Structure formats: C-alpha cells, structure tokens
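Structures given as structure tokens follow.
Both complexes shown next keep chain A, but they swap its partner, so chain B is in the first and chain C is in the second.
Presenting the complex of A and B:
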C-alpha cells in the first residue's frame, strides 16, 4: 500500500508531524512536573479531556472554540493548583508508587465526574477551518491540524522563554535541580510546586481545546494521551525540550505508519509495543553506563 | 468499652436484618406485575441507557393508564425495578442475579447494548426467567440456543446489508467495490459479518477492510486509502464516535465517495453536531418516526414521537422506541398466556406475532425479530442549512428519494 501510492508516505509524515507536535505539548507539561516534583501524573490525559470540554462548552454557547486555547488554560491552571492543594501536596515527597496511585485515583475520579457532568456522549467542536491541498490535492491537511500544531509551538516557545526569564521560572528550575538547596536559599518550594502543577494543567487545557477542534472528546478517552506523553518523556528525558518535540513528532509519524502498514487496529498497540521496547533499551543502556535518568 | 461493643454489634445486626428483609418482592404483588432491569444509568453507555429507561417508563405509564394487563379476569399494572449496572458487564450479571434471587423478579427487561445483554442472558437462562430485550443486536446472542431471550430488534448483521444491496441495485446489479472500517467490538464486528455476506452474495469486492481501535478518534489513515483507491461504497461502524469522527474527517479531507453508509447516526446527533457536512450520509436505523406501523397504545410513529418529546423534551431515538415496544410484547404475551407461569409466558412470547408502532414483531427460534427490516435514512439539508433524516430504503417505507451518487465536495 505504502509503496503502491507514494503520496501516502508524504501524507503520513505530515499528519504524524502535526499530531506529534500536539503530543509533545502534553508531554512537555508532564516532563515539567515530573522533573520538578518527581510525580508521574496518570491523570494527565484526563486533564486534557477536561480542557477539551471547556472549549466544547464555549462552542455550545456560540463562542468560537479557538478561543478555548486562551480560556481553557486559565481555568485549568486553577484546577491544577486546586488539585495540588487538595491531593498532590500530600504525596509530593513520597515515593513514586504513592504518587502514581494518587494520580491514578484522580484519573478515575475525573473520568467519572466528567461522565456524570457532561454525559457519555462523544462530542466535538467545529472550528469551520477549511482544508489545505498540497501536491495537486494528493495530500490534504485539515487546517485545524495545522492550527493545533501552530498553537502548540507558540505555547511551547512562550513557556521556554518564561522559564528562562521570569522569577518563577528560575525558581522552578532551581527547585527541579535541588529542592532542598532552593529552599535554603529562600525559594518557597510549596508555591513552586503548586505553580508547576498549575502550568502543567494549563498546558493540558490548551492541548484539550485543540483536540476538541481536531478530533473528538469523550470522558474515557484520556488514558491514550497519558501513555503517549509518558512515552515521549521517557524517550526524550526530563528537561530536554527539543528532545520532547522531536520524540513527539517521531511518535506521531510512527503511529501514522503503523496505521498504514499494520492496520488501524494495531495503532495503539504499536504505541504500547514501542514503549516496552524503549524501556528495555533504556534499561540496557543505563545498566551499561551506570547512570541515572536525568 | 464493653457496652460500646454490644451496642455496635446490635446496630450492625439490625442493619443486616433490615437490608435483607426490605427487598423481597414477589413477581406479582397485589395488582402489580414486577419486571426487573439492570440498566446503564452511569458509565459510558449512560446516554443510551437513559433512552432505554425512558422508553420503558413511557410504555409502562401508557399501558397502565389504558387499562393495564388482563390476566385471569383480573387487571394488573406494570412496575419496573431498575438497578444501575454502571455500563459494566460484570455488574450487570450480578444485578441480574440479585433481581432474580433476592428481589424475586420473574420477568426481565433487557439492559442497553449487546455486551451487557450477553452478560445477563446466561443468568436469566439459568433461572428460566423470560427476558424481552430491545437493545442487544449482536448476532451471537441468537446462536447460543437461548430459550428465554427475545429481542424486538433486527440482529446486527442486517444493519447495513440493505445499503450494499441498494448500491448493487443502483450499479445495474453488478458488484460494487466496498471500503469498510469497523470498530473492534461485538456489535460492529457483527455488522461487518453482515457486509461480508452481502458482498459474497452480490459478487462485490471488499478492497479496504480496516479495524478501528476502541479509543478511536482519528481515522485519517483509512480515509487516505479511500481517497487513493476510490471505492463505490464506504461503510463505517464504530458507535457514536465512529460516526462523528468519520463525518468530520471526510469533510475536512474532502473525501469523495459515491455512497457513505454508517450506524449510530441518530445517537450521534450527526446533523446537529456537523450540520451540512453530514449531508448525504446514509444511516442504518431500527426505526424511524415516519414509518407507518400502528398499534392501539401509541397509535403510530409520529404520535409516539410527539408524546415522547412532550414527556422527555427530546426527539425519541430508536433506542427509546424499541424499548417501549418491549413492554407491548410483554403485555401481549401475558394476556395470551393468561397466566404468570414462566414457562407459559415463555411459550406465549415465542408465539408472538403482532404489529406495534415500532414494527412487526415475530421471533425466530433463536429469539431475534425476523419480521422487521432495517431502514436506511439519508441526512438531507435544505439551503438554509437545516438538516433532517429522511427514510430512503427500503422503498416500501421511503419518504424521500435516495440521492446517489453523493455530489463531489468541489460541487457542493
């Protein structure tokens, strides 16, 4: 199939890259809070879906869903901070297992609450953006996908600059390097943690709004996004933004090709398989170099 | 300390006593026939679960207010005990056990979805409890030799059969090239088997046969293949998310295909969510309000739809209509059996041959309804962008002419 119609490869690559940039945004949020707080957030995908619902409700009330990329992160920031104050601050110094359990619980709670509040229907928001045709319309790219990728890049750039230049950004980086030292030097780590979790939730909000425009949302659709971002972070390592972006795109392209070659039914399965392979490979590399994941 | 313990154990003993003694109904109490149903009020099937429950409730009220059920010269009224199965098959099976062995229910109504019906059927079968179900269409339900299971709806393999046959007919009787994409769940795979059968019989060729994952929200890859290979018919079945995703991406990618046939369009509120983009999509449906079947309780489809809208505030999807029909079947069977003996009621159900507003009902030995064809409707929009579902096949019930082939995107 792929060889029979060469244009499919071009299409798959472009689709994959656009998709991957969106994944990378979610993964970046995960990398941030993983690096700073040492928490693997299983509820990441559910935060994304919640962000999607915010955009969807704006759409229902006649506001263009693209504004969701501004409104959703603001609301989600406060959701994130609230979540931190309620649950995460109690598990932040504990071992990884406790925090995984806690966020797993949050994930289930969020799914059920969203199902309860918004219903089990699959919904989407229509952006009304058209389609771009390339190569004599052999390759089609929905503008909503291009829009998503563009906004994702924009947010990523803003975040990088913010982390480099602002006071809070510096505090976050300091805490990530050594929380105890940062505390001694007068950084209010509690505040930094809350802000980090809030920023992560806000990024999820942006991604969710974009997903509601490009794909569909449903209360139970969060987990695949968690898995993907987890994988991207594993490949790229923490605190390595170009790495996150690259491995995000790589994953996107891999998924699209897996879809063509193996069939759509193995798409998610291929992602899981890749995750296992990468974990095994990393373990192998670590044992040889006797290094820790940074 | 000791006294506290004594009080505590006393309270817990009391609690246990209360919890066991309160819920012991018999099948027929006074003038009430008590039916039981586990239904998805929460979880992923909750919206269709509620449609099902509304359908049941509407029929119960209607039958009760129009004289109830006459058995042995006495008039009885229907009552239903519901439990929430949380869209979970295991829970549904537990609840069926509970309804039968604790609550003493002797007649059951089905849950929502094939998967949950499959979980409950072995339980009702074990206890010999007749179950009329309205929302489990999977073919495998009817091949297990169940004796106490009756479904008022057409089995899943017939859902899109009529679409393929129509396409072949429009192609001058020659076979067509079919592209299909189905989710990997019991129902959609049954729909797929139906297509395979229809393709074989009509000499059609299947050129794309994709399976969609459960977490489906992107089928761009399938659509790219469709664009390249240009099939005559594209068939998609993946519940609501399949229908919504397909329409969105077909419109975005401007995929031209002469016929697009799907399931679950009205549950997805296609025309509401997608407006004009959903135009010309063909949808398989168990029922449509414009069909002209009649009965004494709801008169016809249009009246049913109007009454339903008045009571619940939305247009009845077919899931509600078929659920209402299940109660009509039960009433009819009780009266013909003239008894509450489960075996006699079961035999009466098996001999059912009636017309309801929802369609004719007559059960095959497997329990499926063989007397009601599926209908196909097409989403049609006027120039103002208002879209409606119009029945286009089978011809006998058609209220509009099928638009075929679907106009190209560049000409819309």
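Presenting the complex of A and C:
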C-alpha cells in the first residue's frame, strides 16, 4: 500500500515530522530534568495532558485555545514548582528507581484527579484554523499541525537562548555538570532544581496545549507521551538538542507509518515495542565492547 | 528450627481451613494468595538480584491468556468461543473443565518460563533504570498488542469457562482458593529452597556489584536468566489461576495491567521489605487489606489514595516493614549487637 500510493507516504512523512517536533519539545523537558536532577519522571505525560486541559477549558469559556500556549506554561510552571516542593525534592539525591516509582505514584494520582475533574471523555479544543491542501488535494494538512510545530520550534529556540544567556540558565547548566561544585560556588541548587522542574512542567504545558488543539486528549493518555520522550532522550543522548529534534521527527514518522501499515489499534503497542527494540539493540551494540547502558 | 516447624504447620493448617472459617472472604483470600505469589517472585528480581522489573506482569498476563485458551481450545473452537462473547453455546462438562484447567495451568506455567528464557538474554543485559523502563514498555506493549488480536477476544475481552455445576454453591470459591493456596505453598517452598543455596548468594553478588561478580568468575547472565525463568514460572501459574477466578480477561485491565498489578507487586515487596523471605508475604497481606479498605471506604477515590500511598511508601518507607523491624530488633535477625556500640549510636542520633 505504501508503495502503490506514494502520496500516502508523503502524507505520513509530513504528519510524522510535524508530530515529531511536538514530541521533541516534551523530550527536551525530560532531558533537562534527567540531566540536571538525575530523575526520570513517569508523570511527564500526565503533565502534558494537564496542560492540554488548561487549553481545552479556555476553549470552553470562549477564549481561543491558541492563547493556551501562553497561559498553560505559566500555570504549569507553578504546578511543577509545587510538585517539586512536595515530592520531588525528596527523591533527587536517591536511587533512580525510587524516582521512577514515586513519579509513577504521582502519575496515577494525576490521572485519577483529571478523570474526576474533567471527565473520562476524549476531548479536543477546536482552533478553527482550517486545512491546507498540497499536491492536488492528495495531501491534507490541518493548519493547526503546522501552527503547533511552529510554536514548538519557537519555544525550543527561546529556551535554548535563555539557557545560554540568562543567569538562571547558567546556574542550571553548572548544576547539571557538577552539583557539588555549583553549590560551593554559591549556586542555590535547591532553587535551581525547583526552577528546572518548573521549566519542564511549563514545556509540558505548551506541548499539552498544542496537543489539545491538534489531536485529542484524555486523562489516561499520559503514559505513551512519557515513553515517547524517554525513547527520544535515550536515542539522542542527554544535552544533544539537534539529536532530540531529529529523533523526535523520526519517531513521529515511524508512528504514522505504523498507524497506516499495522492499523490504529497497534499504534501505541508499536511505540512501546520500539522502545524495547531500541534498548535491546543498544545493549547488544555495547556488549561487543563489554560495556553496558548506564 | 523446631519453633519454625510449628509456625509453618500452624500457617498451613490455617491456610487450608481459612475458607471454611471465613466463607465470605474466599475470593479475597484467593486474590491475596495470588498477590503473595507475585510479590515473592518479584522479590527474586527486585530484592535479591537488584533488577527492578515492571515486566513480570508480562508472564502473569501470558499465563492468564494461555490457561484460558488451552482450557477452551482443547474441546471447542477458540475463535467461535471468543466471538460468541457472553452467550454461551458451548458448555464444559465437569470432567472437561478440570482436565482443561489442569492442562491449561501446566501450559500457563511452562510457556512463560520459555519466553523468559528467550527474551532474558536480550533484556537482562540492560541495567538499572534502563532495565526498569524497558520492562515497563514490554508489559504495556504486550497489553496493547494482545488487545488487537481477534482470536483471544481483542478489545471486548475473553470470558473464561464458567465453573461446572458440581458440589454445591460454595464449590467454585473453595476450588479456586485451594488452587491458589496450593500455588502459594509451592512458590514459598521453592523460593525458600532457593534462598538457602549458593544461588541466592550469587544473586546477591549480582545486586551488590555485578562487575565484581563477573570478575570472580560467575557467569552472571546465566544466573540472571535462571532467576527470571523461576519468576516467570510462578507468575504464569498465578496468572492462570487468577484468570479462572476473575472469570473474564481483558487485555489492559486484567491481564497486562501494568499500571495496577505491575506496580502492585513492586509495592508489596517494597512495603514488606526487599530482599527478605517474609517481607513480600507481610507486605502483600498489609497491602491487600489497605487496598480493600480503599476500595470499600473511598470508592471513587481509590486511585487517588493509591497514588498517595505509593508516593508515601517509596519516599518515607523504602526499607519496608522487615527493614524497620531489623533496625529495631537486630538480635532477632541473628545479628550480634555490641551494647556499647548501640548506645554510642543512639547518642549520636
């Protein structure tokens, strides 16, 4: 089918790239907190969905959901800082598995609270942006997808500049390199950690708002986003921003093709299986040098 | 030793008579037995070997589907059975039911063991959190994929054969209770036997420092795979029993329930105390009582309570009940304590 109708491939590739840029934004947040605080946040996807609901509620109250791109990160920043003060600061210095389990608990908690607050329906915020037709209407691209990819790139660029130029950005990078040395040199690492987690949550908020415009959101849809961002980070490596963007797009294209070839019901399964395959592949590649993933 | 023997005998007698003493709690007690089996087997990986797996749910779900499929497939066409859903056109005779169940449990235990052996070499080469996330992905992927396979019911689920009409109303509960209690006893004996051999020391060596264990000449990969296969055997068995007990198999909510059962087994072992024989048993019992309390008194809010419970256990209670007891009464655990040393420590605190 893919070869018989080349336009389907073009459609899948374009869809995948636009989707992948969004994934890369979430993955960047994950790489940030992993690199700085050395925790893996299973609740990442649930923060994304929460951001999506903020945009959805603005839509319900008659505000254009695109404004959610501004509002959601501001709210999510404070949610992130609050979460850090309550739970995350107790797992920062401990075993990674503790952070995985603790954030798993947070994930279940968020999932259920969102289910209570917003109901178990699949919802989307209609942006009314219309669609673009390419190649004699053979390829259909909703404008909202193009908009979301554009906004994601904008936010990523802003963040990179902020991390390079600002004082807090420098403090974050210093803490990532060596927390103890940073502390000695007068960096309040506790504050840096809180800010990092807040920035990560804010990024999730942006991505969530964009997802609620482009796709659909549901309280239980968080975990696949976590797994996707984890996958992107392990393929790209920590602190490799072009790599994150590229592997995000690659994942997006893979997903669209899996959707076409295997069918929609296997889409999430294919994503999780790909994670297993990537990890196993890297394990065999490293074991030839008698090394292992760490 | 003598005291232990009396203890075990008392537990055995209590276990066998429990469904007749508390007839209203038969199903709960059966589920408790299955939970203890899962916690005990998780402890082989997470506690003794230091490999925190979320993937044992894979074997549990696999066993569940296999047992039910064999039980149906031995006598009737499987595809028609799952298609007919709730309306049963095929009925097992008692002999067919029990034969099918026995055969199904054998398959449910053996096949996951083989699967664990096959994927073990690839997966167990990962370490630390990569292993944890990889197994998490494995469990969820299995759930999503089995939810798309038509012959085992796909999204609408798989109804296991109903219990045949023998031995009165109470027979079903008693049968499944004795089955799950039997599985528990078998698991406990096996795990206890393992923990008294050199095998356990090797697992502990892998946990403490895998590179050094390898340098000492231990083929760590071999032992890791064997450990995982033992876990898979009992997880599959427990899954097969649980499938018959629940009576309905759904891919993501019952069988490959990585968000619930997959996390429960980790929590139970941690709550009781990782790396001890009795820890998972105690942890599972306490956890089950907690959970049933939540489900009864906070109906609707149970997952919220569960999420909070996970966070609290993991952050404030990572050593578990056994770890806490050990710190409090080290003499009971066979540790020699110097009184002066202890006093000095108390003063330091």
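Basically, the second predicted complex is superposed on the first by the 284 of 294 C-alpha atoms of A that agree within 3 Å, B and C clash if a C-alpha of one lies under 4 Å from a C-alpha of the other, contacts with A are read in each partner's own complex, and residues count from 1 in each chain.
One rule holds in what follows: a residue touches a chain if its C-beta (ideal position, glycine included) is under 8 Å from a C-beta of that chain, and two chains touch if they have at least 3 such contacts.
Keep in mind that this is a model prediction, so the values were computed, not measured.
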Tell me the contact category for A:40 with respect to chain B and chain C: first, second, both or neither. second
Which superposed partner A:123 touches (first chain B, second chain C, both, neither): first
Who does A:218 touch here: chain B (first), chain C (second), both, or neither? first
Kindly classify A:280 by the partners it touches after superposition: chain B alone (first), chain C alone (second), both, or neither? second
For A:263, using the defined touch cut-off, is the partner it touches chain B, chain C, both, or neither? Pick first, second, both or neither. both
Going by the contact rule set out at the top, does A:106 touch chain B (first), chain C (second), both, or neither? second
Which holds for A:142: it touches chain B only (first), chain C only (second), both, or neither? first
In the overlaid three-chain picture, which partner chain does A:97 touch, first (chain B) or second (chain C), both, or neither? second
I'd like to know which partner A:8 touches here: chain B for first, chain C for second, both or neither. first
Footprint overlap on chain A, comparing chain B with chain C: 112, 116, 223, 263, 265, 268-269
Footprint of chain B on chain A - complex, ascending: 1, 5, 7-8, 11-12, 15, 19, 112, 115-116, 119-124, 126, 131, 133, 137, 140, 142, 144, 211, 215-221, 223-224, 256, 259-260, 263-265, 267-269
Flag every residue of chain C that touches chain A in the complex, lowest number first. 52, 122-123, 125-130, 132-134, 136-138, 140-141, 143-145, 147-148, 154-155, 259, 263, 266-267, 270, 300-301, 303-304, 306-311, 314-315, 318
Per the touch rule, the chain B residues reaching chain A in their complex are 42-47, 87, 181, 184, 210-213, 215-222, 224-225, 227-228, 239-241, 244-245, 248-249, 252-254, 268-269, 273-275
The chain A residues in contact with chain C across the complex are 40, 87, 90-91, 96-98, 100-102, 104-113, 116, 223, 227, 230, 234, 263, 265-266, 268-269, 272-273, 275-276, 279-280, 283-284, 287, 292-294
